[in-house]
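Could you have a look at this structure, given as structure tokens, before my questions?
Going by the order they are written in, the chains are A, B and C; count residues from 1 in each one.
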Amino acid sequence: MDLDALAGCLSSSACLVTQTTSGLIIGMLLFLVAVGLTLIFGVLKVVNFSHGAFYMFGAYFAMTAYQLTGSFALAMLCGAAGTAILGLIFERVFMSRVYGADVLMQLLVCYAFVLIFDDVVRIIWGPEFRSMGMPAAFQVMPLFIAGGVVPPYYLLLIGVALAAAVVLGIGLSRSRIGKVIRAAAHNPGMVSALGINTGLIYGGVFALGGMLAGLAGALAAPVRSLTPGMGFSVLIESFIVTVIGGMGSILGALIGALLLGLIRSFGSLGFPLFTEGLMYLFMVIVLVSKPTGLFGKEAA
Amino acid sequence: MTELEAGRAETLVPGRGVTTVWERYRDILIALIAFAVLASLPLFTGSKALLDFVIRCSAYGLFATSLNLLVGYTGLTSFGHGMFFGLGAYSFGLIMQRLGVPIPIAFVATLAITAVVAAVIGAICVRLKEIYFAFVTLAFQMLIHSTILSWASFTGGDQGLRGGIPRPVFLGVDLSNHIHLYVASCALLILGLLAMRQIAQSPFGYTLRMIRDNAARASFLGIDVWRAKLTIFVLAALFASMGGMVMALFVSGAYPEFAYWTISGEGIFINMLGGVSTFLGPMVGTVLLLLLNDTVTRFTEYHGIVLGIVILFFALGLRKGLLDFVAEWFAHRREAGEGR
Amino acid sequence: MLQIRNLAKSFGGVKATNDVTLDFPDGSLTAVIGPNGAGKSTFFNLITGALRPDAGQVLLDGVDLAGRSPPEIVRHGIGRAFQVASIFRSLTVQETMLAAVSADQRTSAVLHKRFPLPETRDRAEHVMELLGLAGKRNRTAATLSHGDQKLLDIALALVLEPKVLLLDEPTAGMGPEERWRMIDKVRELWESQKITVVFIEHDMDIVFKIAPKIVVLCYGRILATGTPDEIRNNSAVIEAYLGTEHAGAAA
């Protein structure tokens, strides 16, 4: 424990800015992964245990696309689109077979794919750490805000994630497709009775969730090292986010992700070895006081 | 539910019909025979690998079967049961390293510690239902794992408890001798299984089944559901802790992985593999998983793919554990026979 | 004797049970009727502890049970069966009975003996005979017919040897013939067991034929109590109850 470091940072604006930005980065990436997890749970009632794999694939796709084309925009696109297609296939071919089955069976199918996907990555890209490198466009002088150092890429990352959150929020509450999705989450039988193809919606939601996780992976690729199994810690953390925020709640995912990001960045100062423990402690406290999460609906 | 499904549900019940005194002795008899066979194994084979395999099966088998008391019998899906496996290994290792007491005393002390910790955690967890119970147990597991990692001065952090666990001779039993350790592991396994079998077949075991099927109705029969759930949570933790101790003795140490969530994941996986509707399902699952792990790692470095495909076969193909599948197949055959 | 005193329960402003005061003398058989949403099931839930009353007393032989937990209330002698048969799907009929007796004899936490305990057998056997389930003792509950599942539910309540037995629509979901068989069974049980029985029933023919005493609930209040003849001629009942639902049901 190093509470002096934490107190010192809280009293210095430079450190405050740096830590807050890094907390926001972690939080925003987590949000993109967690929101897919929470959407899939909300609509399909499935805990997609293999969601971290989409984050991983997003990062690898982006890296390869960047190396081939040298275009950062294309790399992001590839990361997002590639995982969207992957999500669609995964849902249609495999997950759709275990709807209504025991929750354990669903988890088992996901677990199988966590193992398989990690090995697939190992075969294609090798077992060693890889890195995509910062795109040239962002290799510029960092910004100084109130004495704190903020790389411009961080701002882009936060901006893109926020934009995704806003588009998603508005899309789900206003658009026709959003309404159908929410209806499907509420009452799948009714939706299919109305002649809407629930299979298509389920596949679509999975693709959307996969795409968001892939986008997070692609955005993270320049600032994180790539390795098979990298999806796993992200999965666990975004899982905590969804549990804290409430399974199925997008706002909850956003708040939960930001809270967790800040706990991580400031906790690493005060409790360098127990940062993860702090997250779990937080999760226990939330679950015990409100089992359905901060923004979750009470079970009927 | 259709007639067909209903017929299938019938076979999903562990221990059909009304048991007699004879059945109790039958279990003991089977246990004695199993122990005799296992214990005489070293007489016929010098294969250290085989004996090691049985020791590992003992550790994981105790753990997985105890998890089935929660998952299969009570309907409590714990994702954090592995914390007690880790707790057992660490408590036992630490007591032996620091206090140097005889092994049986460390064994009992570890069980006592486990009981207290499980009672505290269980009192918080068993209030929650279904998936939320799973989440909160997982969170506690990770909390314990984080504590082990960060409390390095006491637990050795990510290096684990190193330097070996002292195994002083007690009443002529020398657990640093491979054969002694092997026989002791088998004895613990058989005793543990026998005790768990007794729990499953006791009036309390049927109380658990009632809670699994319909907890609300059970409370309208005068059963304190919370207390029953807490009791089985603690009991199952004790056997998981026993498994952890066997593991600690085997590797002569304790590592953070013993307390990581993957242990719980493997436990669930073992149960799915073997089946949760029979008492010995998890034991079959344990043997299957360890065999699978060992053979696959020998043939390919990409064992994730192979293991994944095998899991998919069980999850999408059989849709149930192996022993469940066998039990149902027999039941169907019997029904067909009676139908004629 | 079961005495209900000023029992009240609201859900978000709606008074589901509104100042209900009733006496059920020992050995009485009473039917509770009322239109849908009259608060009949809520009334049962309040008595049995499934819901906590906002106010009032539930006195069984002078002991106030209001607000206590279901297990406690069961132990004081109020048993219940449910509208949708509430049973243990994977247990056999016999196992269900034996386990229930175990619960009643407070041996449901016993670890060191084998199930079933010898002292549970007689009572389980007796109730299975009583309800005609003895021939199906080895059937898993999930495989029983709808009617048998309802009987098993009642058997579960009865095997606890309650002083008061509350039956929430024992004939729900049954065909006409099955209904009569079930209600004859209920009446037979009441006569042979000498216990207080209160049952909720929708079928007016059954109610008027079987129940010596009828309670009519409407919007959480007691609209009327009395013998079948008194109820039949009660103008408030005719207007509020028979006037609406019965006409609707007949149409």
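Definition applied: a contact is a pair of C-beta atoms (placed from the backbone, for glycine too) under 8 Å apart; a residue touches a chain by one contact, two chains touch by 3 or more.
Just so you know, these numbers come straight off a predicted model, no measurement behind them.
Enquirer: Which two chains have the greatest number of C-beta pairs in contact?
Expert: That would be the chain pair B-C.
Enquirer: Compared with chain B, which chain's mean CA position is the farthest off?
Expert: Ranked by distance of C-alpha centres from chain B, the top chain is C.
Enquirer: Measure off the straight-line distance from the CA centroid of chain B to the CA centroid of chain C, and report it in whole Å.
Expert: 42
Enquirer: Provide the C-alpha centroid distance between chain A and chain C, rounded to the nearest whole angstrom.
Expert: So the centre of chain A lies 51 Å away from the centre of chain C.
Enquirer: Express in whole angstrom the distance between the two chain centres, defined as the mean CA positions of chain A and chain B.
Expert: From the centre of chain A to the centre of chain B is 33 Å.
Enquirer: Two or more other chains in contact with one residue: find those residues in chain C.
Expert: Chain C, residues with two or more chain partners: not present.
Enquirer: Spell out the part of chain A that touches chain B in their complex, as residue ranges.
Expert: 47, 94, 97-98, 101, 103-105, 107-109, 111-116, 118-120, 122-123, 236, 240, 243, 247, 271, 273-274, 276-277, 280-281, 283-284, 287-288, 291-292, 299
Enquirer: Within the complex, which stretch of chain B touches chain C?
Expert: Residues 1, 3, 6-7, 9-10, 12-13, 16-19, 21, 23-24, 198-199, 201-207, 209-210, 212-214, 216-224, 227-228, 231 of chain B touch chain C in their complex.
Enquirer: Within the complex, which stretch of chain B touches chain A?
Expert: Counting only chain B, the residues touching chain A are 71, 77, 124, 128-129, 131-132, 135-136, 139-140, 142-143, 146-147, 149-150, 152, 157, 261, 265, 268-269, 272, 302-305, 307-309, 311-312, 314-316, 319.
Enquirer: Under the touch definition given earlier, write down the residues of chain C that touch chain B in their complex.
Expert: 48, 50, 69-71, 74-75, 79-80, 82, 86-92, 94-95, 98-100, 102-104, 106-117, 138-140, 142-143, 156-157, 160
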